[in-house]
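Right, one structure below, let's go through it.
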Amino acid sequence: MSRPMLLLSQLLVAVVALALWQFFATVPVFGKILLPPFFFSNPVDVGSQIVKWFSSGVIWKHLIITLWESILAFVIGSIGGVLVGFWFARQPRVAAVFDPYVKMVNALPRVVLAPIFTLWLGLGIWSKVALGVTLVFFIVFFNVYQGVKEVSNTVLDNGRMLGMNERQLMRHVYWPSALSWMFSSLHTSVGFAVVGAVVGEYLGSAAGLGYLIQQAEGVFDVAGVFAGMFVLSAFVILIDMGVTLVERRLLVWRPAAAEGRG
Amino acid sequence: MSRPMLLLSQLLVAVVALALWQFFATVPVFGKILLPPFFFSNPVDVGSQIVKWFSSGVIWKHLIITLWESILAFVIGSIGGVLVGFWFARQPRVAAVFDPYVKMVNALPRVVLAPIFTLWLGLGIWSKVALGVTLVFFIVFFNVYQGVKEVSNTVLDNGRMLGMNERQLMRHVYWPSALSWMFSSLHTSVGFAVVGAVVGEYLGSAAGLGYLIQQAEGVFDVAGVFAGMFVLSAFVILIDMGVTLVERRLLVWRPAAAEGRG
Amino acid sequence: TAQSKVTIAVGGGACLCYLPTVLAKQLGEYEKAGVAVELVDLKGGSDALKAVLGGSADVVSGYFDHCVNLAAKKQELQSFVIYDRYPGLVLVVSPSRTSEIKSVKDLAGKKVGVSAPGSSTDFFLKYLLKKNGLDPTSAAVIGVGLGATAVAAMQQGQIDAAVMLDPSVTVLQGSHPDLKILADTRTQKDTLAVFGGEYPGGALYTTTAWINSHEKEVQALTNAIVNTLAWIHSHSPEEIMAKMPEGMVGKDKELYLAALKNTIPMYSETGKMDPKGAEAVLAVFSEGSPEVAKANIDVTKTWTNKYVEQARKTTGTSSK
Amino acid sequence: MADTAQPMAVALDSATVAFRVAGDRVYTAVEKANLSVAHGEFVAIVGPTGCGKSTLLNVAAGLLKPAAGSVKIFDQPLTGSNRDAGYLFQADALFPWKTAIDNVAIGLEIKGAPREQALQRAHGWLTSVGLGAFANRYPHMLSGGQRKRVGLAQVLIRDPKILLMDEPFGPLDAQTRQIMGNLLLELWNADRKAVLFVTHDLEEAIALADRVVIMSAGPSARIIGDWRVKLPRPRDISEVRMEKDFHELHREIWGVLKDEVMKGYVQSTQAVGAG
Amino acid sequence: MADTAQPMAVALDSATVAFRVAGDRVYTAVEKANLSVAHGEFVAIVGPTGCGKSTLLNVAAGLLKPAAGSVKIFDQPLTGSNRDAGYLFQADALFPWKTAIDNVAIGLEIKGAPREQALQRAHGWLTSVGLGAFANRYPHMLSGGQRKRVGLAQVLIRDPKILLMDEPFGPLDAQTRQIMGNLLLELWNADRKAVLFVTHDLEEAIALADRVVIMSAGPSARIIGDWRVKLPRPRDISEVRMEKDFHELHREIWGVLKDEVMKGYVQSTQAVGAG
């Protein structure tokens, strides 16, 4: 599919979705409004809320804080996940011993931990970053851990026979081989970084999109809630495009997908 | 490492961690208690709370509800993730068009969606399951999607030349090839399924561990909160062991990790 | 003079019960009194309290009952200005159960929503049940939060009744004008009927240690709130709404105004604690929590009117 | 070259294959190749390494689309993968998650054969390629030559009308090579398939094939020779090498080939735009 | 067999290698193999497919621990991977994420050579194996034979004291094989390495090696023959085949080998406990 075609189709999907939303939120079907406006608002209201935010400029302050938190959570969580993932994969004993504990920690409801983060990190951005990190870290960690273990035995043996020490194996064999695993987890965790930041703000803050959403929710302003979530999602796409760019650059060596061949 | 050795080391880690916790929660270091009991309780209290729950039997009702929600969320979310992941990977056009939307949805803070789930699914277990599903689904989806795309071109070509149709390719080539990707995501998402269920209960429910935790939190009973989280985590290990069993069974064909060879 | 900076943790800024804290900021009362205040919104009163105990905020703007509750946990907290003289808790019957549930007694064996198990709403319910001769555990308690989840659960009849706060109550009343209300502590009548006196709701409180070491700031905050309360009672609801930040009012201005009108009587005129109210709080919590009942709490230590009295002297506020 | 009255099993008509290498540069691997294999004909392709033999097979298999020229299979233009062909790849292409016997049986199972029967016939085939005792091994537990033979059985069990084989006997010892070669000839004799057979062993090519096609060195490799092998059928591979005609033909082809390889070696070292 | 006064580069002393196959069953691939390669000696291993040649090389490389017996490298027991050896694997083992030239240069970079210099020398090596123009290709853009040659350059550039080569010239045409063979001999002449060379081409083995070792068919393969090749050095591979001694030796070894392969074929089909 050509690039303009693709953009057109994407636009079409958006338009159809919005139209359906508007329809079901305003026109009763079988005497019942399927998406009651009290819970779903409607695209027009949400859109005008977004326009108002941007035209008045109030959104920027909040948006920048949330983006900054998300990016920090994403970067710190990913780096942590990659490092620990590599470490575990290369130290099978450590991994075996700590394996159940990692899984236990991953199952802790982060919402409950919020007061502890506030205690340690205050009410500023860092407690939100921490919340995001606890989500991103595990997603990246599990994938990198598995990715490193998936290295082809022959290629690994070749590295060994070429005289690579552990550090060089890491750089020339494990790292490039685990890259596609890593990037897959990064695509997942971009979203989770944002979720972490917003939920953190939602639980306690003075600014940020989560704060806006919470305020809107408090006065049953559903349009405001949805507007906040939309703005958020749109920016996730931007961060994700950045990840994709890096991915393309680092994975030039891959054969094109099989699709392109038949 | 032999099995008893491993168990011993794991036990040791637990004992050391608990001892440190007990120490820092009771003995002041440089005139300050590092883990203030109001926020961290201490292992002895938490332990006795757990014992009380189990000996009185009150925990079972809550535990079973939460486990059931988690398992449902895990199963539904994983199946959904696998199916959509496969579908996207095999329909590159669909994938290209919907890609940004999937990423947008993944960035929605689930906590904010809770009222909608309540509206649609009521206050019973299904709204919690839904929350868990929205976490599990994306983790599994992104990995399966990538996993299917990672199939070796040669093996895929061989499948084609052997006359496999799309369905057979799926079953004999894509599926087994994407399995290790899938299992990696399952290990991550077991934890998230539980988190989803507990957070759902936390936002509105009549029973479950999340309810217990919230109740404890309401009366500032930190020991209760931690006890709830511990019980939770312990059960996650059990579910994860189940996943590992299935994984071992399905991936018998893999060469042993390179570790075993040097 | 250099302004000192104070962080106030609000236990859910959107609740109308906390309006004076926000309004004071909008009116510039804090600056006038000589403190720079940052308001931080937390999900609920107990989170706000934890933020203060953990040292990341200085003062809680939240329900006074936590001071009593935590006294049982050996945490010394003290309120220094009360801005809600009634708690504003409303026991509402689900629209679909109006015919079945006529009084609190009918709640036995029913599903009743509270904001969260263990919260103030939960204790309020238990107290009401007990007062009406029922076992406090005879109704099944379901946590539904305070916002849209609670409204959805009520509208769909998933719960039979709920303890709610404004603006949720007004929202329900908007779509169900004949909404059955069993107890409405936004009003003086019901509050007196239920508790036998004024019952403190929202207050500024913090640790005794902080109060003792920051007398100047405490006084300034008290002055600001007392002045704001005076301002509220000398202005119309429309004027108050016009001062509130747009985000907090939301798009549905009529709803907000209606809820505000329902709530205004609940704001204190003086900022003073009614000692009987404090006793009532202890009574309510002793009912629901054996731990509180056993703790031998000296409730007079959990509040002080010293600063309010000082404020009234210095600012010579006109309200009576 | 081959007479066109009969439908050709495979017919490449001035097929050009180009690969996109770094950036916009394009490497033309094969240029204007004309190659046709009649029904029941056994054609061997020999050429210097990297000239484009596998590329031609990929084109005939429908896995690679030529940049120019046409591909016809039994007079039908080829779209998608070639359903009439069985392809033994040069690289390892077994399913790593299937045991040897499952790898072989899959070809039948796909066609809907009952599993029991497929397994039974697969076992017969494994025995034919000398691996009856290795039926339950996963590919990573087999040696290079064993894997290749499993691949051979996998292709042959489907009994395709066209056989594309890329160095099928490469990693086998000389003796096993002959056994496998005779097996292939036997099959082919019984039920004349069209075979396109890539090998580096010119003797093997002559011993097996009806025609030997020689390719020039790349880039832009062309087909530079096409010899008909007039040795009598049925042949036994080890015996046919003793015949005089065999040696004459060998010397003739070898003369062309040797020069070509030397040229290729020099060329590929200097070729502009190859990298 | 080889004299033991001098330190042996590689010495396997009754090495037995067993693999765990399904469940508890064990497949003994090689049994009590005694094999030693003196410093500067060129030893070729020939044997039926699946007999255990790659397995022996893996043992000498330290990638596989024998179940019994000892492995000594320059009189030192081998632990971990063999740091003195360069190993050209039978399977494709290039780093797919590195271009051809990076794949070759890495051997020097690991030792700490500056990148510039490593690239320059790598380019020289690529040219020697006839791939100077393919320096910037990733492995998946190369043909089978081209990949093998990149692998060859990757091993040779490190100038290891021991060379382990598993069918290094398998996917190459006859002519390129000779060029590569001569290249190898040249290097080996200049700076006598110990070479352990697996091939299926007996002629190649005799033409290159000082000693030709024959293995029996598996399971429990043993070394059943060890011939010294007394042809004069330096040799040119194509010319040495003309000599009379060459043909005599070839016939002698072939006689042994042929029987062994036939035996192996029958055995492997019936072997109990192999699968």
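Quick notes
Note that the chains are named A, B, C, D and E in the order they appear, and that numbering of residues resets to 1 at the start of each chain.
The rule is simple: contacts are C-beta pairs under 8 Å (C-beta built on N, C-alpha and C of every residue); 3 or more make two chains touch, one makes a residue touch a chain.
By chain, UniProt protein names: A, B = ABC transporter permease; D, E = ABC transporter ATP-binding protein.
Treat the numbers as computed from the prediction; the structure is a model and nothing was measured.
Of the two chain pairs considered here, B-C and A-E, the higher C-beta contact count falls to B-C.
When the CA atoms of chain A are superposed on chain B, the rotation angle comes to 180 degrees (nearest 5). Rounded to a whole number, the gap between the C-alpha centres of chain B and chain D is 49 angstrom. Centre-to-centre spacing of chain A and chain B amounts to 17 Å, using the average Cα coordinate of each chain. Chain D and chain E have Cα centroids separated by 27 Å.
The residues of chain E that reach two or more other chains are 63, 81, 91-92, 140, listed in rising order.
Across the assembly, chain C contributes 50, 54, 147-148, 151-152 as residues in contact with two or more other chains.
In chain B, the residues that touch at least two other chains are 36, 39, 115, 119, 153, 157, 160, 202, 217, 255, 261-262. Across the complex, chain B is touched by residues 1, 6, 9-10, 13-14, 36, 39-40, 92-93, 96-98, 100-101, 103-112, 115-116, 119, 138-139, 142-143, 145-147, 149-151, 153, 156-157, 160, 180-181, 183-185, 187-188, 190-192, 194-195, 198-199, 202, 210, 213, 217, 225, 229, 232-234, 236-237, 240, 255, 257-259, 261-262 of chain A.
Per the touch definition, chain B reaches chain C in the complex via residues 36, 38-39, 114-115, 118-119, 122-123, 201-206, 211, 214-220. The part of chain E that touches chain A in the complex is made up of residues 61, 63, 81-83, 85-87, 89, 91-99, 106-107, 110-111, 138, 140, 154, 158.
Per the touch definition, chain D reaches chain E in the complex via residues 19, 21-22, 46-50, 52, 54, 90-92, 127, 130-137, 141-146, 149, 167, 170-177, 179, 200-202, 257-258, 261-262, 264-265, 268-272, 274-275.
Across the complex, chain A meets chain E through its residues 154-155, 157-164, 168, 172-173, 176-177, 179, 253-255.
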